[in-house]
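Two complexes follow with chain A in common, the first pairing it with chain B and the second with chain C.
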Partner chain A sequence: MTTRTVLIAAALAVAVALVGYEANRFWAYLIYAVAISSIGAMSLNLLIGFCGQITFAQGALIGVGAYTAGNLGNAGWGALSLLGAGLCGALASALIGLPALRLRGLYFAISTLAAQFIFSYLFKILQPLTNGVSGLVVKPLVLFGRPVASDQEYAVISIVLLFLSWLFLSRLAQTDVGRALLVIRESELVARGMGIDVSRTKMKAFLVSGFFAGLCGGLLAFTSRFANPEAFEIGLSVDQTAMIIVGGLGSLAGSVIGAVFVTLLPEAIQRLGELMPSADLVSAFREMAFGVLIILFLLLEPRGLVSLGQRLRSRWSGSKSNAGTAVTIPLRDRSRTFAMPAFNRRKV
Partner chain B sequence: MTLAVRDLTIRFGGVTAVANMSLDVGAREIVGLIGPNGAGKTTFINCIAGVNRSVAGSAVWGGREILGLSPAALLRLGVARTFQSVVSLHDLTVLDVVKLGAAAHARRRSGFIAQFFGSERTFEDELCESLLKPLNLADVARSPIQTLSYGQRKSVDLARALAAEPQMLYLDEPVAGLTYQEGLNMGAVIRSVRDRFGCSVIMVEHKMDVVMATCDRITVMAHGSRIFEGTPAEVQTDQEVRRVYLGDA
Partner chain C sequence: MTFALQLSIAGIATGSVYALIALGIVLIYKCSGVVNFAQGAYAMLGAYVTYALLRVGLPAFAAVLLGMVLMAGIGVLTERLALRVMLKAPIVSIMMVTLGLLIFLRAFCLAIWGPDQIAFPQIFPAGAIDVAGIYLTYNYIAAFVLATTLSIAFLCFYRFTSIGLMQRCAADNSRAALAIGIHVSNQVSIAWAASAALAGLGGVLLATLGGLSLGISDIGLIAFPVIVVGGLDSLIGALIAGFLLGMLEAFTEGMLTPGLEDILRRFTTIQSVGALQQVIPYALLVLMLLVRPQGIFGRSGTERV
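After this line comes the complex of A and B, so read on.
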């Protein structure tokens, strides 16, 4: 990450925040919805795209963040409730990540699926904290001593937090910890052989990822003023996974692009549907669109919109492009390489 | 510092891969470990590198028992290794991999906070100058590993191990898969590495011309144990070594 990238991102954030502040409620809603999803998608991408730990419990972690922020906010914690949401998310994530110290790949993924269902159930039965199936009503976020009521203000807050989260995660990717994550994704055996403490590094990834998932949940609770168990079921995990697949696995910018795409797609289909005669048809199409989209991306562009953008850019800039951005290895090829790490191919 | 391995035995189920293997490596010495396929050379290296477990024996490095230590712990004691076949770490650049190697060496590496906030430019330049240039990798320092040739990847792996400033270096077939010329160059590089860093080297290798030109002493393994030890010249004339390699005449 160069200084130039940071400046561009900052300028972009300021521009979108300004638009969000001046726009009408609907546009402000779209902006904060995208920003909040982006934070969640980045946190998920850290685990799946960077560290290679496939998890389906993202919805549960966002839920933990939402209920934590809701309860702390209602108790008068103000902005600290968002911090609390992050910390509780990190804690829950570390708990869900514990099996990853022994399980790999699909086996770990299944354990997170189980965790997702356990948490969904807990949200329903922990009456005192979650108010069960009827849902928890959340008071507005109190910032600098006054409640934040308008959607426009939430748009600005969400964009600022998205920018800070991106800054943190992209810096993290450039430390030894971030690089170690990439090696673990390719091969745990190689990582171990290189002297990387695999268990500790994975735990760090779970903690950081959980923190931002919790933050995402906290923002979600304050903006929708409500947290109910149905919102944090497996469907949310699927949505978040769709975002990082569409946007680009292992890319923070891709997470944001994916979040924009996946959040705005239903809106676009809705608009399209208003032009059509049958409303039933449209709602069916909406359900299908996600599934079709994920399949298409996995088949045609496994590294997401980001790599599509890189390819177009290197084609436009022609000979000026360096080899680094032009080469993209499809994920399916890679999976073949890292299923067979160096140690297995050894001849003694 | 010296390494003394005594009576090392490694079994996989009913198969005894290494039996009562002993090996001494002096300070600044390059020891070649050769032997026919299946002799147990790589298993032996993996064991003293903390990957495979032994059932008996000891390995003392600088007065400390190192059997059973993790690769990370060994790196902290100055023991580094390279791998026989290199994996391509797709998204990482040459500098990324070398920095990871340096990460094992606390003295050389800034802490997490400093890395998080600071720029690594000076450290990168230092790595380029001290490691990548001698290995002819300076031009590709910022290229992803996947764009490099097999020979270059081998060099990257060596650079990664050297970045930890090891005192003992295990090289598992550093020349395998390289062209004849690349192989001879690698041999020269290994000797210059020893001279510059003052480290001891254990080198498993099949290419005899490289082994003969590079090593100070050669240990021959067959069926999991040592059958001969001596200078390159002695190995070439030994009848037992000839028998193991070529069969009874």
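After this line comes the complex of A and C, so read on.
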């Protein structure tokens, strides 16, 4: 990541935030919905795309964040409640990640599936904290001593937090820890041989990923003013995984692109669906399109939209240079794994 | 005592259906290395298709059989169209394809049959028999007998026929199978056909027990504890673990939940523990993975996938 990339991203963030501040409520809603899902998708991509730990418990982590933020916010913690949401998310994520120290691949994925179900059960029965199935009503976020009430302000806050999260995660990807994650993804055996403490590094990934998932959940709770168990079921995990697959595994920019795509798709179909006779049919059609799109993407563009963009760009400029692709090497492309330009520069 | 027996009967009946679904997932996993999250969707679709055939006026036997054949066709179709292309893809992509399939099929049934629960036509005689104070409804008996017979018949097919031998060979070592002239990709298709048909029947049985709704597709995810406890690559394990978990669920619902709620009400403000029977199997799953990842009947070494 060069200074230029940061500047471009910052300019983009400012531009979108300005648009969000000036736009009407609907556009502001779209902007913060996309920004919040992007934070979640980036955190998930850190685990699945970078570290290779497949997890289906993302919905549960977002839920933990939402309930934490909701309770702390209602108790008057203000902006600190978002921090608390992140920390609780990190804790829960470390808990869910514990089996990863023993299990690999598919088996770990199944254990996270179990964790997802156990958490959504807990959301339902822990009445004092979550208010059960009826859901927890969340007061508006209090920032600098006054409550944030308008959707436009939430759009700005979400964009700012998205930019900061992106900055942190893309910096992280370029540190020793970030590179160690990529080695673990390719082969734990090799990682161990290189002197990487696999368990410790995995745990770091779980903690960081959990923090941002919790932050995403916290923002979700404040913007929707409501947290109910149905919102954080396995479906949310699937949505988030769909985002990183559509966007591109192992790419932060891809996570954002995927979040845009997956969040706006239902909106677009809803618009089209207003021509249809019944609401049931619209939601059925929306789900069908979602399922088909996931399958088609995996079949036709398995490396996601971001690789499509890269190919177009390299065709455009006619050069084959792949500067800075350390982050976006596709999974399973073993021939290139250890020839990454950025990788050899420094010892891991 | 009577109550405990009554619970075991209910547990065994649902457990036999779990076994049927789990068998299909294990079969696909053994043969093609794909963990099929869409198995529950096959069960749901099988139930709806059979319902449609019954509505058309086919006799029950023919409708169930034709439903299974149609499901086998759909199984082959999905394997050829979606999964074969994904052979070399990373494991998360393959999982997501089957999840996409689950979403699609659910929405498909929602579009055609609507979100409400439908009363499934009576295909087994109504009523119950009374054995020493325990009521056995014909639905339970039929579900148990059909599911168990079919599972065992399937295991025998896998064990003793030549196609079964080729199946095992292809699952064990696909390269060696290719070398001795077995058409491995056809074997994979057969596995998908068989497991989709089994799931379809399982769906019909579930519909006779608890009505026809989109919720039947959840069985695909409920089956995962069964598979892990039994061993991801063991067909016998899936069968036995199916019964075990069916019983566990029935006893949790009938005995543990009321007891636990009594205690909780006395000491906390929590009024109900909700659907505890749906979560206990997952807790068992996590425990099993930590203690013995290959399951009770699995071969060790399979956890390094």
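Some observations on this one:
FYI, the second predicted complex is superposed on the first by the 310 of 348 C-alpha atoms of A that agree within 3 Å, B and C clash if a C-alpha of one lies under 4 Å from a C-alpha of the other, contacts with A are read in each partner's own complex, and residues count from 1 in each chain.
The rule we apply is simple: a contact is a pair of C-beta atoms (placed from the backbone, for glycine too) under 8 Å apart; a residue touches a chain by one contact, two chains touch by 3 or more.
All values derive from a computational prediction rather than experimental measurement.
In the superposed model, A:E274 lies in contact with neither chain B nor chain C.
In the superposition on chain A, A:I118 contacts chain C only, with no contact to chain B. Shared-chain residue A:I196: touches chain B; no touch with chain C.
By the touch criterion defined above, A:R179 lies against chain B but remains apart from chain C after alignment on the C-alpha atoms of chain A. Put simply, more of the residues of chain A are touched by C, taking chain B and chain C as the two choices. Touch criterion met: A:I54 reaches chain C, while chain B stays clear of it. Overlaid on A, the two complexes show chain B and chain C touching no common residue of chain A. Remark: chain B residues 17, 37-43, 49, 51, 70-72, 74-75, 80-81, 83-93, 96, 99-101, 103-104, 109, 112, 115-117, 120, 142-144, 146-147, 160, 164 touch chain A in the complex. Partner chain C is touched in their complex by these residues of chain A: 48, 54, 99, 102-107, 109-111, 113-115, 117-118, 121, 124-128, 234, 238, 241-242, 245, 249, 280-281, 283-288, 290-295, 298-299, 302, 331-332. Only residues 35, 82, 85-86, 88-93, 95-97, 99-108, 110-111, 114-115, 221, 224-225, 228, 232, 268-276, 278-279, 282-283, 285-286, 289-290, 293, 303-305 of chain C touch chain A when the two sit together in their complex.
Taken together, the chain A residues at the contact with chain B in this complex read 171-172, 174-177, 179-180, 182-183, 186-187, 190, 192-197, 250, 323-324, 327, 329, 334, 337-338, 341-343, 345-348.
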